[in-house]
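Chains here go by letter, A, B, C, D and E, matching the order in which they are written, and residues are numbered from 1 within each.
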Amino acid sequence: MSSNYQLKRVDFIFKDEKDWKEILKNNINRPPQELINELISSELKGRGGAGFPTGLKWKLTAEVDDMTKYVICNADEGEPGTFKDREILSKVPFKVLTSMAVCGHVIGSKEGYIYLRGEYFFLQPELNKAICEFEQYCQEINFDFRIRIFMGSGAYICGEETALFESMEGKRGEPRNKPPFPSNFGYMGKPTVINNVETLAHTYTIFEFGAKRFYDLGVQYSRGSKLFSVSGDTPKPGIYELELGMSLEDFVDEFGDGDTKAVQVGGASGFLVPRKRFGETTIGFQGKLTGISLPTGGSMMLFNSSRSMYNVLDNYLEFFREESCGQCTPCRVGCQQLLNGIKAVKRGEKNALYLDKLLRLTETMQYTAKCGLGQSVANSFSSIVENFREEMIY
Amino acid sequence: MINLTINNKVLQVEEGTTIFEAAKQNNILIPHFCYMENVHQIGSCRICVVEVEGGKTLMASCVTPATEGMIVHTNSERVRQVRKVIFELMLSDHPKECLSCWRNQNCELQELGNLIQLHEFRYEGAKSKDIIDSSSPSIIRDSSKCILCRRCVTVCNEIQGVGLMNPHHRGFSTFIGPSEDELLGESVCTNCGQCVLVCPVGALKEKDSTATVWEALYDKTKTVVVQTAPAVRAALGEIFLYEPGTLVTGKMAAALHQLGFNYVFDTNFAADLTIMEEGSEFLERVRNAFTSTDKKAVLPMITSCSPGWIKFMEHRFPDQLAHLSSCKSPHMMLGALTKSYFAEKMNIDPAKLFVVSVMPCTAKKFEITRPEMFKDGLADVDAVITTRELGRMIKDAGIDFRNLPDGKFDSPLGLSTGAADIFGTTGGVMEAALRTVYELVTGREMPGKKLHIQPLTGLNRIKTAALKIENPLPEFAFLNGVTVKVAVTSGLRGAAELLDEIKSGTSPYHFIEIMGCPGGCISGGGQPRPVNDEIRTQRLEAIYREDEGKMVRKSHENEDIMLLYRDFLGVPLGHKSHELLHTVYTQRSKN
Amino acid sequence: MYPVSELIRNLADQHGRNRHNLLPILQGVVEQEKYLSEYSMIEIARELDLPASEVYGTATFYSFLEYKKMGKYIIRVCKTITCSMKGKNQVVKAIEDMLKISVGETTPDGNFSLLQTNCLGLCHKAPAMLINFDVYTDLTPEKVREILTNYINKKGKGE
Amino acid sequence: MAKKIKITINELTVEVEPGTSILEAARETGVIIPTLCYHKDLCVAGNCRVCVVEIVGQKRLSAACATPCDEGMDILTNSFKVRNSRKHIIELLLSEHNADCTRCYKNGNCELQKLASDYKIMTQDFIRLVPLKNYTIDQFSPSIIKDDSKCIRCQRCVRTCEELQGVNALTVAYKGDRMKIATFFEKPMNDVICTNCGQCINHCPTGALVEKNYIEEVWDAIADKNCHVIVQTAPAVRVGLGEELGYEYGSRVTGKMVAALKRLGFDAVMDTDFTADLTILEEGTELLTRLKRALVNHDPDVKLPMATSCSPGWIKYIEHMYPEYLDHLSTCKSPQQMFGALAKTYYARARNLDPEKIVSVSIMPCTAKKFESNRPEMHDSGYRDVDYVLTTRELAIMIKQAGIDFMKLGDMPFDRLMGESTGAGVIFGATGGVMEAALRTAYELVTGRNVPFENLNIMPVRGMEGVKEASIRIENPLEQWAFLDGVELKCAVAHGLINAKKVMDSILSGKSQYHFIEFMACPGGCLGGGGQPIPTSPEIRRKRAEAIYAEDLGMPLRKSHQNPEIVKIYADFLEKPMSEKSHHLLHTKYSPRERF
Amino acid sequence: MITTDEVCNVQTMTEEEKYNLLKTVILDYERKESNLIQILHMAQAIFGFLPVEVQHFIANQMELSVSKINSVLTFYSFFSTQPKGKYTVSICLGTACYVRGGKEVLNKLRSVLGIDVGATTDDKVFSLSIMRCIGACGLAPAMTINKKVYKQVNPNKIPLILGMLK
């Protein structure tokens, strides 16, 4: 075993120990600064993908002086291979709602929104019911906070926070220029906290058990546990809560079917890790972990040796080509060029050196694209092409 | 005088004027490709056709002389239709990839498209040519873009007398270039680049070195030194829409600094040095000729600053190479000094030095590849970029050239005199040399208004002058009463004439200056387009203006030169000079 | 069922007439009509006092807001990687064969439209599809035929 | 003022105001950063990404146009990374672009072409995407051609249409690789709310949006020996044309323009300024009539404020957006159409020509005029009043095609009969000009005195502010205008349709009470028209406006009613303003259009 | 002055003798550029074709650039820069021959000889060329081998005809 951290199953999120009402009541009576400090000390980082420290996010927004602020729960989970948010919202919706309300208390907001992706329309009735119950209780305890669901309509890019705001404002979901950042200028131009569903669920855990219990899990720079959506060539697909810092080798031992050739970590915009690097790969946020460490939305997709990595890449690129918002050049044209490019190489119309040109192109996309989508196309492209070059060539 | 009517306007022109010229004199513009000023016209492109009343067919205005009473329409319905069709036909055999063409926005075919406004496209022909010859270190020939206007043929044959560019085969398979099996890099091409200068499209271009230079600039381990030739400062401004003949010396130095060059030196410094070396060499030869009986002294001596000319000489007159001065060209001298004198002085490893020359010349790109120009495996000059390439780099870097404050050259290789400035124009080297030689011989300043030798200035092809020496200093007593005869030519056709004289033993001259390009470096193959006699004159005047504005106008009075001899070189023609500043020539095959 | 213009007015009353209410209104129309016709887009623009072109621009951005006429049941088969690995193509083929349409088409009787869509977030139960907003997972060609038969029968019963 | 912040650009330290973008800071310091989607008139989009720069310490590059300067920022605009990325982006744009420059209308004045040329993109490694897509060219509109194959999706047209003009005919549709600029339901431009103002053309960096040109038709007419081709030139053309032919922005080239037109072979070169003067008399009379009916007769049907009707873009806009307000428009045709109607009647009679043989061409700074001349109402002479409308740009092309060395031309005067004009006619080309010209005449007609402004320059209506207001109090009028004594005449001037919308909305809400409003569709008025030379910017428009006012100041006559040819036409032909004949020839009516 | 007929015994000459003869020819024509075409004719008569070396030789002798020589000779179809085979097979592609199947014959020739138009087989036996109407339309399609005319050829006859020559 190359890693000191064995694979460790954790069960915070889906276990309901205490009543959410109690948690809510307790926490909205604590001073905001205390809550922020607790969050900061837990070192919880955003579970959507970018990994921004949650406590800091709340703090920045709390510091802005404005009458109107918003709390938004980002449930536009579009990353291929990810389905943890759906699971949370359908099983423990109150945890998310409670965290949103606490956040509202911390930053001084009275309105929360859940941006639910259009594909999860079927969750809406249950979720609405939960919201009703929740708001009723809020009224009971005289806490002024309301939550609404905002339905998306099928656009992966709306998971990008500024695109999500645009979408909520009734426009095309095109990402904005940053700066300004949401903490100053978010939904309707107001200071906004926007958190991923899972982040809010972890927040609940922290408020429930205290920061220490969370902090004690995981490794430096990657604290706590995380939900992983396991799919692909695995005998046991599904959602698992695991401690961060595990080695990919341990993970594959547990979930693989013995023939795993590569694992795509973090969905289409994540990285592909080939078998030879399982041992040196540690799953966590960027930091000083040994080997490569990966930003991750928690999607783990396993591929057997029978799978053609060309097909995988082709599928990803087609996904990006369609789901790019199309406004900035590197992403719009770049995705088309990458897709057409690997096709041309596969068909033998371009020689293998063209792949190097495409790799340089992904570098440019990473540097210059307007938002995370275009920037992260490079991840899967370069990791697949570099590791499975021979499969790309005619 | 002849009376004719063009576009309902009655005009009077001299007899023998073509319709094209008549129109031009009267501010009526006719589009043209193959037409070239001052050269016999061939009328091959047909884009300049006009309608002459009473004529059945349309006439090519560039070859049809105006006749008495002629009534011409340059823009009638028929002309417009025909012109359109000709243009379409030209395009049908052209790649039409403007946006990835290096001549984009400086292409006459593209401009014509702007004028003609085609909307539909009727002919999409087969493409006849696809040769890209990049064998030469100076020039790339991309025949797919060639529109067969034959300007390069004219310039290579009529003006330069090299005769390399010619049409081959006929009909649709016609192509222009050296013969089929010949590569530019292995031919008699002198790399003068005059063909590049006249090409209306992107078929002939200089080999781009900007990428190499950028690479060096981004390389943190390298000290990058740049030098600029005298003619560059008189033309660079044109790329940034200044009037031709605007001097942009200060802005150029500032831009080079902004581009990230560590040191900006001036080739002019080495021009002054050349005068010292070449002048001494000349006096040495003259002394031998007049005082010793052995006939080793070869006269006339011919200047060796122009690499195009050198290569021409090596091919055409391999037996006469002894006439060439053994001096390297100024930019090679500066390169050699940078990697020795300067490196020593600044304590830099010469291998970490990267020397870039900005030249008005494409032949210099070839010159730095000559094996003689390496010392201990290190090239004296690492890269040559033309004036056009420098313009491109400045644009590329987003430098607002027109609003730059003036900058300065760096020492110790940046100071120069007026004598060096005029190296950029035909007659300049001779004049600069005589200023110094005369004074060395007689102790007096050279006679001539404002230190100029009037017969040697201007754009005439062959210019001659004679200078009688009286009362020389005692050591030059043998020259008393001698009339020194000199000749100057630019353009290789004139050079061939002078050399034929030498070959047949009838040459009366002692000293000859030859520059490869018509007008000298000011209209070198690497200068901004377009170039015509008007622009040449404007640039030439700018060069003289720069000279006259200098406090010091004689090379031997350059303080840094004196310092260089004192600290490093010793004396002109000394041991170190020979090692660093002089070279040898190679006999080459005639074809 | 309301006529479209009335529906739009009701939706606008319900959600509001601001720019940020556009999406719920578009969704409301699509829910009933299955697609956004030129007419309904104009009506929405009029109701919200928006330029029609902006309504169009917004609608075309989202893949669930169809602007071409769609069938009563819209079948969306996930085509993203896991579903694709686990036999999406056979599923699509089965549907095509059964309904005699190909992807992007609507049956002549206007009952079914077949589309492919990007990740539905059901990767652990791949392949997956939606029929309107009902979820079907772990599909096989046999299972799909069964599901569709149910729909066809439902329709036959006059539902 | 807030404290300045210190930044470093290419190792040069500068101080800038807080909030300055990197791009602006760089331009101030003489560093050029290439741009495509950025335009001074418009809000920042940051979507083309060619302006990316490196901020030392950051892995990713930032778009210079959209990133504000921050204290201590160390910016490199030309580092290795930047150059490589920028070249890549340009290459990407080219791969998506129909690069057939030699046949493109914008050849030579294309920002993408220039960018490709500056960066010398010499490779075409990327797969050409244009042939893979099914592009169609929309050329149904009489004014505008839209060619998606040349579109680089910078969205400048969309922002122009929305922010400057408030028309929203163009929008962004679809996403990803299918993303494109489209109209509602991708209908032809002619079938949507498009006002044909052509501002999108002026702001398009490439050849994706160009005017429909009628150059060939005009050449054909000139070549036709049977045709008598006459041409009129709008006031704003003379201050724009020079820019296309090598002059500085805002150079006045009136005399050379006339000389060039004669050289092109037009049989008569006359001036739209003449009918501008005529418009003033007709419109001024109409205004006074309306005022009289309102103030003396207390006629409830009288519609005030009266709005000018010279700008066809504005006319189409109000027809679409405020059809119930059409009665507020002056019934006067635009000067171009007045000229056209007179050319085939008055001029034909005076020159003894068969009107059928007359081809009437107008040179306009405007693309909407192409649409206007096409309107079915515009046949009052019994023929099509104006046959062809050319923009300033098209005229420049014709001059180049004819091989005329414009800079070396001598000045020539307009031909007589309809070529005389006053300074009042000239300023029609600038925003506020119609108002100023009208006031000069109306005030004098009413009071017998000059307008109470120094040098006749009514400064409050000049300038580039979006909405301008002015009022003149009338005192001691002549006897027949006694009812106007003490009346404060309230005027407003709006240019750019977004400002027109503001004024209309404030009228609709009852907030504003005006008597007379001048509307021009384009920012800055006709001098910033959709047919004027490209590029355009606030700076350039200001220079053109200065030129217009200089031209006005230099005219011997500066009030419309003094124009001797105007006096003559009323004496010989029209009798008096608002006469039966002028009603027939010079006035028109409007038709409501669908907004959606 | 040396005439074409005088060089008929070139077969027996060594390369050096050939070049000497060519030099004499050039001197005969006073090295004038205006006589270039005559000189090229003679050179072709001496060498059978005009290889690059011969072009260089002429260029040096006449003080012209080799490019110029090449420029002129490639203009005329009579000059060849490639060695001609022992037999030159020419097929007429004038209108009559073309419509009667000249094209098919040409294709057959191409495949049988394994060379394209203008080329010569490796064994230097056959060269293939095309002609534009030789005035034998009545015999269409017509083919010539050196100076002998073959009438009404068809693709099937080709192997036979060529075989007889070999």
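Please note the rule applied: contacts are C-beta pairs under 8 Å (C-beta built on N, C-alpha and C of every residue); 3 or more make two chains touch, one makes a residue touch a chain.
This one's a predicted model, so the numbers in the text were calculated from it and none came from an experiment.
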Set of chains adjacent to chain A and to chain B: D
Innermost chain by mean C-alpha position: D
Comparison of A-C and C-D by number of C-beta pairs in contact, larger one: A-C
Far-end chain from chain C, centres as C-alpha averages: E
Whole-Å gap separating chain B and chain E, where each centre is the average of the chain's CA atoms: 44
Cα-centroid distance, chain A relative to chain E, in whole angstrom: 77
Distance from the mean Cα position of chain D to that of chain B, given in whole angstrom: 47
Shared-contact residues (touching 2 or more other chains) in chain E: none
Overlap residues in chain A, where contacts from two or more other chains coincide: 155, 172-174, 322-323, 325
For chain C, residues contacting two or more additional chains: 57, 61
Chains grouped in pairs wherever the two touch, ordered by label: A-C, A-D, B-D, B-E, C-D
Chain D-touching residues of chain C, taken from the complex the two chains share: 38, 41-42, 45-46, 51-57, 60-61, 67
Contact footprint of chain A on chain C as seen in their complex: 18-24, 26-27, 57-58, 61-65, 79-82, 84-85, 117-126, 130, 133-135
Residue numbers on chain D that touch chain C, as the complex places them: 162, 167-175, 182-185, 192-193, 595-596
Chain A to chain C touching residues, read off their complex: 77-83, 85-86, 117-122, 150-156, 167-174, 188, 229-233, 237-239, 264, 268, 299, 301, 303, 307, 311-312, 315-316, 319, 322-323, 325
Chain B contact footprint on chain E (complex, rising order): 52, 55-56, 59-60, 64-71, 74-75, 81
